[in-house]
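Some structures to go through are shown next.
Look at the two complexes coming up: chain A is in both, with chain B in one and chain C in the other.
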Partner chain A sequence: MNAESTASNPPLRAAARPVPLFSPGRVATIASGTVTQLVRMKTFYFLLAFALVVVAVGNFNLPATPAKELSMIKKVSFGTMDLFAWLFAIVATALLIPRDQEDRTLYTILSKPVRRIEYLLGKLCGVLVVVGVSLVIMYGICATMIGARESLFVSAEIEAMAANGGYSQEQIDEQVGLIRQQGLRPELGLAVLASFLKAAVVAAVTIFLSTFASSSLFTIIVSILIFLIGHAHTMASSFWLHSSDNSLFVQMLVKVVKILIPDFQLYSFSEGIVQGEAVAYALVGQMGLVTAGYLVVFLLLSLLVFVDKEF
Partner chain B sequence: MLVLLALFGLVRGPVEDRLREELVASKLLTPPPAQGAFEQMGQSALMGTLGGLRSLVATFLTLEAFDHFSSKSWDDLRQSYQIITALEPRDETHWVSVVWHLGINATANMETDERLPAFERKRRFKEYAFQAIEFAERGIEQLPESSAIRIQLAEVYREKLKDDCATARVYGDIIGLPDAPGYARRFHGYFMARCPGKEKEAYAYLMALYREGEQQHLPTLIKEIKNLEEKLDIPGPRRIPDADPDRPKKAPKRPPNLLPGDILIPFTREDLRRIHG
Partner chain C sequence: MSELAVEVKNLTKVFTLGLKKEYVVAIDNLSFEVKAGEVYGLIGPNGSGKSTTMKVVLGLMAPSKGEARVFGLDSGDIRARNEIGFLPENPYFYKHLTGAETLRFYGKLCGMRGRELENRVTELLKLVDLQGAANRRLGGYSKGMLQRIGLAQSLVQNPRLVILDEPTAGVDPIGSRQIRDLIMHLRDEGYTVFLCSHLLEQVQEVCDRVGILFQGRMRKEGRLEELISIEDQTTLTLEGASPELLARLHELVTSEPDARIVAEGHPRTSLEHLFIQIAERNREASK
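Now for the complex of A and B:
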């Protein structure tokens, strides 16, 4: 009798399902939530400012050759793109964890079977998706402007040279080639990738800082400082060493800074691509691996702090 | 935590150093600006540079330099280009622009600026021309294969300093460079021909060009060869057969059956005399 009733009635408490150690699905859910959160913050509005910058630069009327004018448009557009990418990565990442704490979303998420590494990775992926989408849109705006100016310059140059009559087809082709060299080329996509890789490392550093920071403002300021030091230490170290006559203290300080702070200057290889230098794909691949290393290490560091945190 | 960070730093250090060297060698990464450039930069430019905004700072300074050009503030323009070229030493257009601004525009301004006394204009004219030459030499040091910088430098020697020997030397340097214009070979010869003491060498060089064929038989080349033939007293049979392009062509012989008033008669005077005789 007893045995029968036990068999027909379900147990009062269902056996706990085993929770996988790591679930990409959960990471994707947190990432998509982060994207929604950032979109609701109206973060994409900065694209309007970018479009204005590009249009303004595209309409500068300088006494320069078409090639130089195109080069200037590219430099300003890609420079601004890079600036927006890393600044956005810092601000967005710095706001996320404190905002989740304020909204109490963090407690709801962590009370579910969600591992802390999944939460951190989800947040980072969400920021990177928004940075990536922004960069693609900015590249689209910039490519439209460069393409339009390039075709305008090319047709004007052909028309002017043909009207002059003193130029051979070969000379016209040579002149057009010079303009096209500074125009829209597929390699420019790698310059965008370089900005993305830099923004990814910046976001990883910021997420690490935000795990122990007391406020978003602190995280933003310290992240920007780290970014500036990371960019400058290679340039500044030779200057300091020279001005201090290679003092031992300065040498030690430079070494410590170099070990602790990422070298962001390496990512400036995008400038070479923008200026029309030939791309060394193997080097770009190696930069991707270095970036992956930074992401793994800074996520682990974030986890080390975040795992002990009581909410 | 610090141990992990330090370990990672120690591992990535050599990798990043090697990557930096390779990126600099492949010209994708610009080497750090010279120390002098740091001292000359304003605070904002310095911060921008240190913050990885070299291109943006350089572009902003280019616009500032254009402003100096508009207001003819040549010393400020030079100062701006000192920093621009230090920030982006591999951008050929910066070097070409500064040589053009100082070597052509600033010197032209000194030729015409009535507000300055004549001796001061002359002094500044030379000063700007030599500053342009100095920039060009630094640019060539950075970009040894650049013909655009050399073309601009040759223009300064040719148009402003009227130094035919230096002009010939610079055009000579352009020959053989990857993007050398076709006229560089001829110009090298033309200016060598005008350089005192180089006449024989110039004659041999221009004759070699002349012998390349009809496509080289341009009026200036023929004129320069003719001048050298006179100067070097080349014997008649060895002189080129072409006419001097500057001498007016001889009027065609008037046909004998053409009467004054351009009336053409079907017989010559000889025929008429024969008929009447």
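Now for the complex of A and C:
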């Protein structure tokens, strides 16, 4: 290399194209990269475990009426589905950002024209897509099992009542109706939606924790703790705040916890849906808005920590 | 005056250690410029502040004092990063992606889509000689292949400035030579290259200008030939010279009062050159 060769350089390269302030395309790229990563990490294998649980529960003959048996199958299946969804949301989210930091993949991503909010949003969207797809598959497994059992119970009930004789068509219809009420109904989709919304909030909380946590293990443990506190703090706070024995400090502490930790008990309306209760659609809409609020708050908090983070 | 690709002015970076309020000055009032179209090498021992300087230029770190600009834009500005391609010291990529998927991923992050992206991916895979491994996951790549896909990734959006951090670290001599050839090709294509290395021979081969960093401070900077040439000495390499000619040359030199022969002998090839020659010869023979 010498001065002459520098002087004979080819024409310099043209300036880069303009960069938009916010690019949904970049968010989508990071989200689809996250989906590919989770799929290739073989995370969908947990669905096999879920399928086994549902098949086992569905084939367990309980000493109860068909309606009660169906109700039990639904409760256990939807409970397991809910558990898998929020646990998966925590573990997947906790693994992604710390791993990008540890492997320093984050260096190469953030050295491209990517805003940090786009990175966080992309990761969250990627996890939510996988959680959503998993819930749909799990619901499909549940629906198949519940539908099969329901048909079996209905035909067995009709046969038994006809064999015994003395039952009017109205009585048979009433009995079948009781079974059908605990069977596969379209409203059950709303219970799946509730699980999804809850998992979305859990994932947002986990993203916030992983922006400053030093390890995935710490993030997972603290996220689970927050989830558990979030399920109990409404009950706990009503006890602590209304007890006259507690000091001002305890009352303040309870209030702070109540503000900082999302109230996951709000999503328990899905239990009523699973049990065959009537659905308050306004409540479902309200939950959607509350979830959006939580997502915005936790994403902003994450950005606050992440925006000035040095790598 | 030629355009400046990188402009670092009075840059200081201080790290706080833990909660004890202990400070470490990683870069101390550093100033230098990289002109558009040149290959600039920042050299220094480990811990001298090279990587920190790069991270500030890349916008991954904020300066404690001073400033860093890329083509006139503040290094923290996202538009500056669209002008930069970065190859980190170790290949920090998703191992679950294939070579082609990696390039597509980074291309999309830079706003490329469709035919334009596909053409660029094909072009870059050819440039770094990885067409045969395009559909293999990075988990199965060798260190040299990872560095080459990393270099391709850094060029995906056709940046004006390419930043290379220890580009041949841990790569065998043949892979190292390939990367060196690619850097020279980039220079010929009009890219500005800013590289950090502690492998001095490599820097000497490819750089137009170098800066020597030690303990966060610029100790020496300038054009390479100005820094390393010994002004009052001349090398003369002869081929087929007879002993008589050599004797006459000796006489001629000793007849000059101020001149003397400092060294005399047979020029040697470098071990690296010898290794590459043997490897290439064997490769040819095995074909």
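The criterion applied here is as follows: the second predicted complex is superposed on the first by the 285 of 311 C-alpha atoms of A that agree within 3 Å, B and C clash if a C-alpha of one lies under 4 Å from a C-alpha of the other, contacts with A are read in each partner's own complex, and residues count from 1 in each chain.
Rule of thumb we're sticking to: a residue touches a chain if its C-beta (ideal position, glycine included) is under 8 Å from a C-beta of that chain, and two chains touch if they have at least 3 such contacts.
Source: prediction; values computed, not measured.
Of the two partner chains, chain B is the only one touched by A:G79; chain C is not. Of the two partner chains, chain B is the only one that A:G293 touches; chain C does not reach it. If you count the residues of chain A touched by chain B and by chain C, you find the higher number for B.
Within the superposed three-chain model, A:D103 lies in touch with chain C and out of touch with chain B [touch as defined at top].
In the superposition on chain A, contact of A:P113 is made with chain C only, not with chain B. By the touch criterion defined above, A:E310 lies against chain C but remains apart from chain B after alignment on the C-alpha atoms of chain A. Contacts of A:G285 after superposition: neither chain B nor chain C is touched. Residue contacts after overlaying the shared chain place A:P24 against neither chain B nor chain C. Within the superposed three-chain model, A:G147 lies out of touch with both chain B and chain C [touch as defined at top].
Comparing the two complexes, no residue of chain A contacts chain B in one case and chain C in the other. Those residues of chain A that touch chain C in the shared complex are 1-3, 5-6, 9-20, 23, 25-26, 29-30, 33, 36-37, 40-41, 103-115, 308, 310-311. Chain C meets chain A in the complex at residues 3, 36-39, 55, 58-62, 71, 78-79, 81-84, 86, 88, 90, 92-94, 96-97, 101, 105-106, 108-111, 113, 150, 153, 157-160, 187-192, 205-208, 223-225. Remark: chain A residues 60, 62-65, 67-68, 71-72, 75-76, 78-80, 82-83, 227-228, 231-232, 234-236, 238-239, 242, 258-260, 263-269, 271-275, 277-280, 283, 286-287, 290, 293, 297, 300-301, 304-305 touch chain B in the complex.
Those residues of chain B whose C-beta lies close enough to touch chain A in the complex are 1, 4-6, 8-10, 12-13, 15-16, 19-20, 22-23, 26-30, 32-33, 35, 38, 47, 49-56, 58-59, 62-63, 66, 88, 90-91, 93, 97.
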